[in-house]
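So the structure is just underneath, and the comments pick up after that.
Note that the chains are named A, B, C, D and E in the order they appear, and that numbering of residues resets to 1 at the start of each chain.
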Amino acid sequence: MSLHAAIFYLLGALILGSAGLAVTRRNPVHAVVYLIFSFVGSAMLFFLLGAPFLAALEVIIYAGAVMILFLFVVMMLKAESADQASLSLRRWIPPLVVGLLFVALAALTAMREPGGAEVLKSATVAPRVFGRYVFERYWLAVEIISVLLLLGLLAAVQLGIKGTPKGNGTETKTGAES
Amino acid sequence: MNPTLSDFPFLSAIMLSCILGLVAILVIPGRQKGLIRWVSAFSSGLSLILGIFLFAAYDRTQGGLQFVEKIVWMKSLGIHYFNAVDGFNLPLLLLTGIVHFTGVLTMWELEERVKEFFALYFVLVTGVFGFFMSMDLFFLFVWYDVSLFPMYPLIVIWGSTRKEYGAMKLFLYLLAGSALILPAMIYLFVQSGGVGFDLFGMMQPGTFSPFQQKFAFLFLYLGFGILAGVWPFHTWSPSGHVAAPTSVSMLHAGVLMKLGAFGVLRVAIFLCPEGWQYWAPWMAVLATIGIVYGVLVGLTQTDLKYVVAYSSVSHMGIVGLGLATVTAQGLTGAVYQMFAHGIMTALLFSSVGYLHDKTDTKSIPELGGMSRIMPVASAYFIVGAFAGMGVPGFANFWAELTVILSAFKVYPVSGVAAVSALVISALFMLRVVQKTFYGEKNQRFAGLPDVSPALGFPRMVLIATLVLFGFFPSLMLDVIQPSVFAFMEGLPK
Amino acid sequence: MIVPFSHVFILAAAVFFIGLACVLARRNLIMILIGIEIMMNAAAIAFVGGALHWGRLDGQAFVLFILGVAATEVAVGLALVVAAHRVTGSVDPDRYNLLRR
Amino acid sequence: MISPLLKEFGFAATAITLGMPFASFVVITLFTRAHPRLSAGLSISAVSISMLSALSLLFRLWPLEKPLEYSTLWYGGHDFSLFFGFLLDPSSLLMFSLVAVICLLVQVYSLGYMEGDPGFSRYYAFQSLFAWAMLSLAVSTSLLQLYIFWEVVGLCSYLLIGFWYERFSATQAGKKAFVMTRLGDASFFVGVLLLLVHLGDLSIMELNDASTAARLSPGFLTLCVLLVFGGIIGKSAQFPLMTWLPDAMEGPTPVSALLHSATMVAAGVFLFVRLFPFFSRSETAMTVCLTVGTISMLMASTMAMVDRDIKKVWAYSTISQLGYMVMGLAAGSSFAGYFHLTTHALFKALLFLCSGVWIHYFETNDMYEIARKNGRSLKTPLVCTVLAAASLSGLPPLAGFFSKETILASLLDRPDPIWFAAALLGVFMTAYYAFRPVFIILFPRNLDPQDEEHRGGAPYLAMALPLLVLAGLTLGIGWFERSLESFLGMAPPGEHAWLTPVSVSVAFLGVFLTWFEFGRRTAPQMGFVERIRPLKTFFLRRWFLDDLYAFLLKQVVYRLLARSFTQNDQRVIDGGIEGIARLAVGSGRICSYIQSGLLRLNLMVMLLVVVLMGLYFFLL
Amino acid sequence: MTWMLIAPELYFCFMAAVFFTFGMTARPEAKQDGLYLTALGLALGAVVVSTACGCLQGSFSTIYRVDLFSQVFKAFLAMGYFLVICICPELPGIEPKRRPEFYLLLSVCTLGMMMLVSSVELLTIYIALELSSYSLYILVALRRGEGRHFEAGIKYFLLGAAASAVTLFGMASIYGACGETNLPAILNAVSTNAHSPMLMVGLVLTLSGFFFKLALFPFHFWAPNVYEGAANQVTAYIATATKAGAIALVLRFATLGAESTYFVHLLVVLAVVSMTLGNLAAVVQKDLKRLLAYSAVAHAGYVLIGILCMSENGFAAAIFYAAAYLTMNFICFLVLVKVADQGGNLEVVELAGLHRRSPILAVSMMAGVFSLGGLPPTIGFTGKFLVFTAAMEKGYFSLVLIGMINVLISLYYYVLVVKAAYFSEPEESLPAIRLSFPTKVMILAILTVIVVGGFYPDFLYSLALSAAKALVA
């Protein structure tokens, strides 16, 4: 086993472990914190797999922005521990069954895949090359995702601001009836 | 025949007269009921006249397809707009014309939602005409369903007696039929190997293997059989007839059930003759059960329309028996019976309808002594009842004679059963006549008016038709037989 | 020489499994969102592995966009959660049953 | 095609004879319903013309060497052909004239009898229809054509029996008559169809041809003959389908006279005559016919001996006489049967019409009532009844005497004497029951005279005239036996010198017994049968035949078949369908519940299915 | 000029910009009429542009292909968009101040789907898919009300996000298996390496997100909730235009698995279950929109039958079905919107007396519903007919039979709708529904399309056939 492989398995354990811990926390704040570990782990994995730029982005966007946003909302909503039973084993059995089936599927797929056993050779992509590639080949997707991000903004604004649930005079009957 | 005359698209003209009638009705505001009635009567009269003309102009010595109209419709699927008449559909076109026309006149006194009624009615009739005249499988199916779906609104809006139940049952039953037909139809289309939906292209011998024929025939027979009231798929018909308004019952029992039988003939038997030969004994079994069953169940009914409806089940069984014999005679008889029964049952339903309109009841125990109050209306029913019992002098007699005759050749037991059903049908019809029309004058209905000459006219037309074809069976047989013989000649032995 | 591609793939699947289990088991909208994030992350891992496997950049490009989508998703998702919380006062999806018939 | 035919006298006369009543029927139904007198006039004049042309046909063609046949293809099938046309041969011509004459007489009589009835026009319409159908039946060229008119006369019978449809018993009787004859007709129909299937042709001439029968196997021939004979049983009210006829007396008396004694019921026997050569080819079938005829004759006689209803007595007597005819025919002498048919038609019509006068005036059918109300004061009917009763009993020199002699002679021709013995017993009983009403009315006890103002006048005249005509015919027709015989060309039965004294004395014995019990001054007016209560009940209830039929109808047809089928319809078929519908709706409810359930559940299903879909790959 | 190739997309971008500007300006409540007329005008322009670009052919690098297939669907989408805008003049379900955003989101969603139908590359497809999905999530939640819309929005969102995560993983599998993201290249890989599990399983996982759009079992759970919870116009849009887009997408992807029996088997099972479950559940629905949602599930099954034939005829049938479904479903929603003029939901029984209140709406309802039920002579029948014919050509007799039985079940509830509209009377008499002249013209036009599509579908079918050829080529 090469060093790279060892690091890979270590990182894998880190990612899985922290993600596993994250999803089983009763308190969402704890969960988010664990999750940050997991994302950092995957960032390192990206690095290992030759994507330093993505590793950086992963840390900045996921671990930085996204998770902070989660934290913020969690705090704001003072999310009640609605799922007291979250940790009861019974609740977890069906999801585990489905999930394990999925893992079995993936494992079977990977094992049966002719090219699956091929060992990866390490290589690295320079961010500049990567950037060029993206903007040459995927310019359209870049355009689209810009609109998508705009939508995210719009959603936050539109859904965030308080609506006037009872309408504003002209129409008395509102959407929710019957 | 004048060549220019036969080039005129008479069949399309019949359709067009219905469609134009429909459009006119849709355009006229609903308030002008009188105008709507007259337009309907005019348009239906026109199609009747065209139908009679076709019947008269059909070259009996030559037989075969005449008045052919064929246009490529959808090239990619091999669909043609292909209309023609032959000995099989000509009687039924005439039947439709007559029942259509008389049906409109029968509903002359309708006051409620007149516009919608006649509009739907015309849609229905258009579908029926289209079904009978079309020689393209695709169009056959389209017209078939076009003629089915107005039944539901017609019954639910203007009907009576558990109308929602009856209408829904009828609708679902009939569509269950088409759910069986469509797969079989597509199956045949696909298996025909690029012939398209042209019926005559598909019926060339050798198009389908024996297995394919047996397979498709079963579906087609059951699918169309539901509409034809084949036992045990008949129970929609009594409840549907009972619920329907008068002219719809007329059209329904008179024409629509024939759609099913004709579908069996035109689609199932034409396309799958070997399947036909294979399944014929089973068809005969079902038909025989239906014949006997219909009259026996009819014996216990207390609602006039139920009685007539069950008699229809029995009579349609005769059609089925004719089809099951796999003989030229049987086919002839079946077609004749379709025609005769159509007229007869229209007559019965129109009479019952009149009674029901006036007395507001169809219950036999509540009626009684009607003959003294409305002798003419009663007479119409009684005449219809006699025709229904197969009394000679009416067209039904010949039809039943022909069918039973052919049955004796092939299935003697069925023949005997059919004859005994004739006896029971006498008992059953006379029982109704006795309890409804005879007896002490019923004071409850004492002041009710008898059929006016205007309303009597359509019924007289029906009776006249029955008697005409009862006295001169050759008028009809000469039309039917050449086609039947030609068809039977072409069958694989 | 790192590991066989299949190992990366299985790792990704395992991460996916955790996210999936979270989505299925938790009764908190925020946790469910987190679970979905984990699932997307799992896909990202698989893509990066694939990119290395084939030596092509498309996989990495994909991950870039996944990050973008994930961000949008969080924004929209949290906005929805906040708005819904304002109305129902709960983040428990099981309490959202106005639409159940 | 038709115009040259019209020039031929035979065709033209037949066409006129048939056309007139039919035209009158159509006109009355469609146009003159509201004008009773006009309708009656139309009908009577139409039937008069018919009669004249029928009689002229008879006399012009007399003696007919070779049958005339005019026919056209009516229905050309695949392997058979049916013809419509007229077959004029001696037997049809005779029937033709007989029917026309009696129809006219009855219609004239009805002018009086039916006066003032609300359905007067309808009555005449039906009468015309009947006249047309019966006349057509007589000249039918093919068996199927005959069957058709056979059915139509049955229809007329139904309509006329139930003429007074407000009376329940009348409608019931009409229904019963129609259904019971229909039962026979069904058998007839099957026979006809079987013959048609095997022969491809139903021409009567053809059927009677020796070569035709040779084409059928003997067993099949017997079967066909018996099936056709089934029709005769129904129509001519033979055992076991005899009970409708007495009930049919619910109709107006002229109808009974015309349809239910003289003509329609005789159609069965007429059919026998028509097909006599064909029938006689099957010895077995003939024996069966003979048995049936004998049983009917005896049974009906016993019933006639006890009934108080005068019309019913004549009805039983009709059955009995029809039995005689069948016996004569089945014994091998078509002349005997046919001759008796002819004479019987006349005297039985007379009997009925006479009773009709009483019934009309005293409004009762009970012979004792009639007697009590001084029925004998109506002289014409009384005299005529005596005459006719004597004829019925076979007393010389009346018509019945001659015809009955021929029948007895024909029975004597047969080797076994039992039939003759039965016939003699029948003669005795006939004489007994024929004179029973006569004596009862002639010698009334405790007279209760009614007001007598309604004697005379037009109605009475209209009724009396036909009586006189018929009486004259009854007196005279017997002497024409020989000429009829030669005209018909049928072989008479053998001569038996001792026959006449024996039969006449037996008849006189019967009359005497009647006189002893009813006629003499101190007579108890109660028959010897009536003294034995069980026997009387047995006879009155018609040997429990009606009860048997009622049982069969109610228990077997209604309860066992119809009810259970209805149940099947509602429970099994509809129930099954509704069950399927309920199942669909129920499963829909479950589906809907599951699908709109918890978010988690939805996700679970979704992901699970995804995984399973993926795993399926490895199963392949 | 190559830019012309994406003229419709550019046009929609432009529209989005216009609405965005509207949204930016102050007090949008005051300018409702102007906004609506702008929207209508722009939508009409969109139809014109999309149709005009119908015959374009070409491609952008390798990721974006403009061919008859995509252009036909773009025309459908623009048409659907236009039709939905047509029923928006009142828009009571959306607060006035949010209406610019409403139009914006609609445009963006349509834009996303237009890109979707043209994309032939996984990443672009994914992003375009997300674009259209997110617009819809927000649109659903935009409705005014007491929270049901949020519930619907959240459920829609979560299910959608989960499905798209699965899709993403599937794409990763595909990519991992062949290293390609271009569909033609993947197709190539599939044909050379059909037994690669990662490829096939990846394909199936990827499809799940697309099936989600199509509301096919088991990805349909959002449908009833969203249909019920969203504003009527939004539901109309989801039910019509997005379905067309989803069908296009599934078509594109299904071609990849054409050779694989595994793939076809799955599709058969999904089609059957989807039809049956959808129809059975619809039988008991009381809310009209919910009923239509379940019927949409069933219709997804019918469409899938056409697709799983993997033949040109089958694809053509599916394309035809998309157009048919768009038309007939739209007319039902049109009636719904007009009847529920307060913007609320509509129970089936609330249609009572419609024939009196507005005969033309009643006729439309009947035509639409019977067309959905597949009764001739309607476009819906032709669609089913073509689909079943294609299936029969492949020898799927029992599939066709099951389909027909489902049609039968569906007719039961469709008829109940007709019954409500035509035969039941409301408890108190309701006022007549006034329709503007343009609305009437539009209704007549759609009715004509429905009936002509039933009688003479040749034009549309040949179009679909050519599009299918373009797809397979």
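The rule we apply is simple: a contact is a pair of C-beta atoms (placed from the backbone, for glycine too) under 8 Å apart; a residue touches a chain by one contact, two chains touch by 3 or more.
Here the structure is a predicted model, which means the values were calculated and not measured.
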Minimum number of chain-to-chain touching steps separating chain B from chain E:
1
Highest contact-pair count belongs to which two chains?
A-C
Top of the farthest list for chain A, CA-centroid basis, is D
Taking the mean of all protein CA atoms as the centre, name the chain whose own CA mean is closest to it.
B
In whole angstrom, the CA-centroid distance of chain C from chain D equals 95
Hey, how far is the Cα centre of chain A from the one of chain D, in Å?
100
Using mean C-alpha positions as chain centres, tell me how far chain A is from chain E in Å, no decimals.
29
Scan chain A for residues touching two or more other chains and write them down.
94-95, 98, 102, 105, 108-110, 112-113, 115-116, 137-138, 141, 145, 148, 151-152, 155, 158-159, 165, 176
Among all residues of chain D, which ones touch two or more of the remaining chains?
592, 596, 599, 603-604, 607-608, 614, 618
Return the residues of chain B touching two or more other chains; collapse runs of consecutive numbers into ranges.
172
Could you classify the connectivity of these chains, where an edge means two chains touch, as line, ring, star, complete or other?
other
Contact pairs between chains, per stated definition:
A-C, A-D, A-E, B-D, B-E, C-D, C-E, D-E
Can you list the chain E residues touching chain B in their complex?
355, 366, 370, 375-377, 381, 385, 388-389, 392-393, 397, 400-401, 404-405, 407-408, 411-412, 415, 418-419, 422-423, 454-458, 461-462, 465
What does chain C use to touch chain A in their complex?
1-28, 30-31, 33-35, 37-38, 41, 44-45, 48-49, 51-53, 55, 57-58, 60-61, 63-65, 67-76, 78-83, 85-87, 90-92, 95, 98
The residues of chain A that touch chain C in their complex are 2, 4-5, 8-9, 12, 15-16, 19-20, 22-23, 28, 31-32, 35, 38-39, 42, 45-46, 48-51, 53-54, 57-58, 61-62, 65-66, 69-70, 73-74, 76-77, 79-80, 82-83, 85-86, 91-92, 94-96, 98-100, 102-103, 105-107, 109-111, 113, 115-123, 125, 129-130, 133-134, 137-138, 141, 145, 148-149, 151-153, 155-156, 158-160, 162, 165, 176
Quick check: in the complex, which residue numbers of chain A touch chain D?
94-95, 98, 101-102, 104-105, 108-109, 112
Along chain B, where are the residues that touch chain E in the complex?
73-77, 116, 138, 141-146, 148-149, 152-153, 156-157, 164, 168, 171-172, 175-176, 178-180, 182-183, 186-187, 189-190
